[in-house]
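Listed after this line are the structures, all set down as structure tokens.
Paired with subunit B in one complex and with subunit C in the other, subunit A is shared by the two complexes that follow.
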Partner chain A sequence: MPLYRYILRRVLFSIPLVLGITVVAFLIANAVPADPINANLPQSALNNEQLVAAFREKWGLDQPLHVQYFTYLGNLLRGDMGVSIRTGKPVLEDIRQFLPATMELATSAIVVGLLLGIGFGIVSAVWRSSPVDYLVRVFALIGVSFPVFLLALIGLSVLHAQLGWVAGPGRLSFLVTRPPEVTGLYTIDSLLAGQWSTLRDAASHLVLPSLVLGLYVSGIIARITRSSLLEVLNTDYIRTARAKGQLEVYIVLRHGLSNALIPVVTLLGVLYGNLLAGAVLTEAIFAWPGIGRYAYRAATSQDFPAIMGVSMLIALIYVIANFVVDLLYFLIDPRIRYS
Partner chain B sequence: MNQKLAAPAQASRNLILGALILLVGLGFGQVKAEEVIVLGHAEITEAYDPAHAFNPTSGMVNRVAYDTLVTFPDADASSIEPLLAESWSISDDGLVYTFHLRDDATFTNGDPLTAQDVVFSFNRLKHVRAQPSFLTDPIASIDALDERTVAITVTGPRPSFLAELANTAFSVTNASVVGANGGTDAEDAAETDTAQAYLNQTSAGTGAYVLQGWEPQDRTVLVRNPDYWGEQPFFDRVIIVNIPEAATQRVALVSGNIDLATDLTPDQVVALEGNDDIGIYLGPGRWTHFLLMNRDPGVGGPVSDPLVARAVRYALDYEGYRELWAGSVTPGSNMWIGLAGAYGQDEAMQRDLELARELLAEAGYPDGFEITLQYPDMTWAGVSTSTNAQKIQADLAEVGIAVRLLPGEVQVALEGYRSGEQGFAYWFWGPDKLDPVDFLEFLPGGKVAGERARWTEDGVDQSVMELIAQANEETDPDARMEIFAQLQDFAQEHSAFAPFNVPAVQTAFRAEIEGYVWHPQWGLDLALLSRAQ
Partner chain C sequence: MITPAATPSGAVTTRPRQRFRQLRRHPEVIVGLAVIVTWFLLALFAPILAPFEPLEQNIQQRLQPPGETHRLGTDELGRDVLSRVLYGGRITIPAGLAVVVINSIIGWLAGAVAGFVGGLWDEIMMRIAELFMAFPTIILAMAITAALGPEIRNAVLALVIVRWTNYARLTRGLIIEAKTKEYVEAARSLGAKSPYLLFRTLLPNSVAPVVVYGSLDIGNAILLFAGLSFLGLGPEPSSPEWGRMISIGIHFFDQWWMWLFPGLSIASLVMAFNFIGDGLRDMLDPRTRH
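Let's look at the complex of A and B:
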């Protein structure tokens, strides 16, 4: 199957998926037995019927549910996600403001996770059943099972407050001003503006949260890499390569790893989506003004447009991440091309 | 000749020397570093525009970015003090308040403050129909009598009006600047006013500080207003960084990243005691924790009986809650403890298990009963409702009342509370306006009593209802004290509520920070802070 047909098919599959997500997200957001009036107007303002009625009318809460849904869907198709009840700004603008912080963190965390995870996975597989292997497996277990928020707090208290090895909470030191906005990613923006000290500061603030999130990711990746590589290293073609007298390093990295990484790639899409969508606690602890915090506050204040906006965003992230993963498959696994 | 020649040479030498001294002096003057304070704060606001903002964070920021006509003392709500209004008078019928503005107040752009600015600001607040707009409900009209005189007519006698005007929602904004940036005070302002975006990024007030910028959920920056009409604050710049997690605030404070942490939990503050680098403030907060006992027998069951409600008040171990929450106090009623005339701990209920059992027997429950306690499962201002709920359960078990705990998600629980469908519930309340009339919410005829606890005027002694009516009109401070004392006595006997604890406010800061005072209206007055040299 040619690449373009493959892409086309994947895009077409995504449409009903996204539509389904709008329905589910809308129903769940509305199923909560709480009134956004209570969450968004102060107690004493509830006495003022005029204010309450104006609020309901303004946010369309006086309309039946299906009317609300189709209005939302219509607006969404025109690229309008509505206005957040809480912030009073277009949801799209809010997302644009908060997403870069999360993307910057998630991206650096996934890089850390990949480097550590694959590295440990290889070491563990090559020296199977050796003390190194056990050490790596314990490490991977801790990475996967240790609560991230606790790791974050311990990291802050020990590595930052006591030892001073890494920078503290926030995306920048509190006295440093942010670089002129281009992408919203402080590292890139400060690089573009040539603000080297800001770049250093932004990068140093990424270290600890990336390590904490990356450790979790690396635990998963190390386990998958290890088992997958072990399987590959037992196959006939590896034995053939060994028989040909090739260097073991070359065998493992060139012949072994390239095939062993296929399940890791599968996982990558899900993990990256997880990092983008599910870092609420980590963001809170590191005072990281990202989309997780935004989603949390939208949910607790019954801010329907924002809840929907974030749900759609997360759904899209997963859809896109999996799409990219499928594309990568197409490129790295010839079997898909010929099926 | 030589002398004559020497004179100019001497003069020029002196001149050079003088210039040098001046330069060095100036140089030293400039060496004085900018004084910056960094606050770690869990940001709770969606706006800084005074007409839209109604949250703790905006209260703190607008307190120093703007001024109101009148205000409270630095530390409490015991009196009304002048601010932009240097004096005022109230008409005999209590309907017209006339304010005389001070003549030296200017906005940050140099414009003088006028009565028109006041009229514009208050009308805009009313007409944008945003969160704090309800505060203007009592206002019938606002008129500028001349450049410096404003008359506000209220719709009926309102003893709490001056206290309400101290809310930062009534900040006076520069009418021409706000108007030039999309603001309007017209009746259709809800649809046509577009100044919020502007006022979220900068301020147009007469305050000690100017809002320099706001990155939501990240940081807010204030800079000193060099032309402030009042006393200059110490800090040149205030950076408020959003640190939502108390644990992170603690780390940032201890490591010196921030100078002050506004949201530490009581146990975190206790743990910081003994750290020489850290100073601690502890004082009664604004939240009164109470039990609600629904008067509708179909909803409240046994606790709908006033005798049972009274028994519950005698059964609670008030001292135990004080020990549980360091620095907390026992309130004498649902009237917030910091208000003029409120019963404090000395006049509060005392635990009396014997009496509680007698009252239960009298009500027909000699062996007690079973009941479900509903409450929002949350930690508010460092106090865990679950911890208190467990203590309530233990306290009431001692008089035979078996309590089953039913924690709920906050918004869901709130829904049940506001619709009056909770029979026996645990909630907390902070006064919306810092005036004794706030307490009337908890008495027959009040919203909390009527709609949440279904405690209505039916069957309430006529003399009590007359007292409540008086409380709603009387403006004389002494007469008010007398009325509210009687109402609190009545509540201790007959109320459908059992207030049991006012937890403390606790704040920790770097030891060199001075001047911290917590205020129930604006939380923290940034202009009062300084750094020991």
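Let's look at the complex of A and C:
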């Protein structure tokens, strides 16, 4: 199947999913036991009859449910996700403000997760049933069993408070000014502006949250890499490579790993979703001004437009991430192309 | 994390003696079981074992580090952390169990019907499942709990709504596979009608794998419940629930005993379930069995 047909097919398959996501978001927002006007408008606006009427008309609240959904969808297509009750700003604007921080955290966490996970997975598979293997398996178990918030607190307590190796909560220290905004990612922006001390400070703040979040996904990656590499190392072509007298390191990395990583790539989309979900808890602890903390504060203050906006955004990112992963999969695994 | 595919139905047919021999080769399963049984007993006998009432305040004794009277220290209101941790098991463990039990019943029935009826019904069911999986669990659960109001019951309900799809997919796969088996064909040729086939022939045979998967999934359910509770979307603040205790403990960061002990309680319990899951997966996987 040519690539463009594959992409077209995947896009067509994604449309009902995206529409479904909007339906779920709409239904949950409607499941609010309270009157939607009370739930969506700030207290100060409730006494203003004109505002209430305008809100009712905008969201079609006097119409039947299905009509309300189409109004909601129409507003959504125009990029209108409503106004956050807590910040008083349009949800889309808030998301635009908070998303870069999460992207910075999630990207560095996935790098940490991949490096640690694949590294440990290889070590564990090559020295199978050795003490190293057991250690790695226990590490992987800690990664998937310890609540992210506990890892974060232990990290903060030991690496920040006791040893002072890394910076504490927040994205920048108190007196450090933000770099001029280009991407919204402080490390990149300070690099672009040539502000080295800001870069050092931003990186130091990034270490601990991305380590905690990275550890969380590295456990999963290590387990998959291990089992998939073990399977590959038992195949005939690896035996042939060994019989030819090739170096073991070369066999494992070149022949073994390149095939063993296919399941890891497949899982990247799901892992990215996990990461964004884990970001809610991590950001809450590290006072990281990202989308996760925004969602958390929205949820605890009953700010429905904001929380539904974030849920939908993350679900969409998840769909896109899986789409990209499928494309990668198509490119690296020739079997898909011929099916 | 255990995937449905990792618990093949072959699990049930192993002979007890063989199974015991395998168990000896996987000490982690025994350790996991021991930890879980200990936690169950601790939670069950908390009223006898706890030295203080979990809600009993003693302002003069506030923020005491672990010592003679208060083995795990006291919190900001002078409540005994050990007693609260023991009582906490009585909230978190049943909540995790409830999520998994309700999830498995709903998912089991929905998946079985989808797999058995097939066609459009199956297609609709699986698209719905896919949809739920597109939302990261904790964020959707957060939205639902926020909509329903922060309460233990609502946190459990939110997790049920978000997670039943795993079970539905597992059961659906099992039923589709079983439909082609000879015993089903035999029952059909003997004149068995569809409801009989589904409820008497197919469903009972899919119980064991769902139960195995469910028992391994309790750890994940506990982790998610504690996460919701940590975010303030579970029980009320005074409750001795572990996640809630940690979220309050954060404000007293230097009084590490306030957050470390409830945190380790969650971690030990979840780790024990994952120990069992890992061991069972190795035992049941024919590639790694020998």
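Before moving on, here are some points about what is shown:
The definition used in the following text is that the second predicted complex is superposed on the first by the 300 of 339 C-alpha atoms of A that agree within 3 Å, B and C clash if a C-alpha of one lies under 4 Å from a C-alpha of the other, contacts with A are read in each partner's own complex, and residues count from 1 in each chain.
In the analysis below, a residue touches a chain if its C-beta (ideal position, glycine included) is under 8 Å from a C-beta of that chain, and two chains touch if they have at least 3 such contacts.
As the structure is a computational prediction, the values presented were derived from the model and not from experiment.
By the touch criterion defined above, A:A295 reaches subunit C but does not reach subunit B.
In the overlay built on the shared chain, the residue A:I21 is in contact with subunit C alone; subunit B does not reach it.
Using the contact criterion defined above for the overlaid structures, shared-chain residue A:E231 touches subunit C, although it does not reach subunit B. By the touch criterion defined above, A:N48 reaches subunit B but does not reach subunit C. By the touch criterion defined above, A:L115 lies against neither subunit B nor subunit C after alignment on the C-alpha atoms of chain A. When the two structures are aligned on the shared chain, A:A277 is found in touch with subunit C, with no touch to subunit B. In the superposition on chain A, A:G170 contacts subunit B only, with no contact to subunit C.
When both complexes are overlaid on chain A, the residue A:L3 reaches neither subunit B nor subunit C. Legend: residue contacts after superposition of the two complexes on their common chain; A:V11 is shown touching neither subunit B nor subunit C. Residues 32-33, 153, 156-157, 161, 284-285, 300, 302 of subunit A are contacted both by subunit B in one complex and by subunit C in the other. Across the complex, subunit C meets subunit A through its residues 1, 127-128, 130-132, 134-140, 142-150, 219, 223, 226-227, 230-233, 243, 246-247, 249-250, 253-254, 256, 259-260, 263-264, 266-267, 270-271, 274-275, 278, 287-288. Across the complex, subunit A meets subunit B through its residues 32-35, 38-48, 50-51, 54, 86-88, 97-98, 153, 156-157, 160-161, 164, 168-171, 173-175, 178, 284-287, 289, 293-294, 300, 302.
The part of subunit B that touches subunit A in the complex is made up of residues 36, 38, 46-47, 52, 54, 129, 131-134, 137, 190, 196, 215-219, 239, 241-245, 247-248, 251-252, 254-255, 257-258, 409-412, 414-415, 418, 432, 447. Here subunit A touches subunit C in the complex through residues 16-17, 20-21, 24-25, 28-29, 31-33, 137, 141-142, 144-150, 153-154, 156-157, 161, 220, 230-231, 273-274, 276-277, 280-281, 284-285, 295-296, 298-300, 302, 304, 307-308, 310-311, 314-315, 318-319, going by the rule given at the top.
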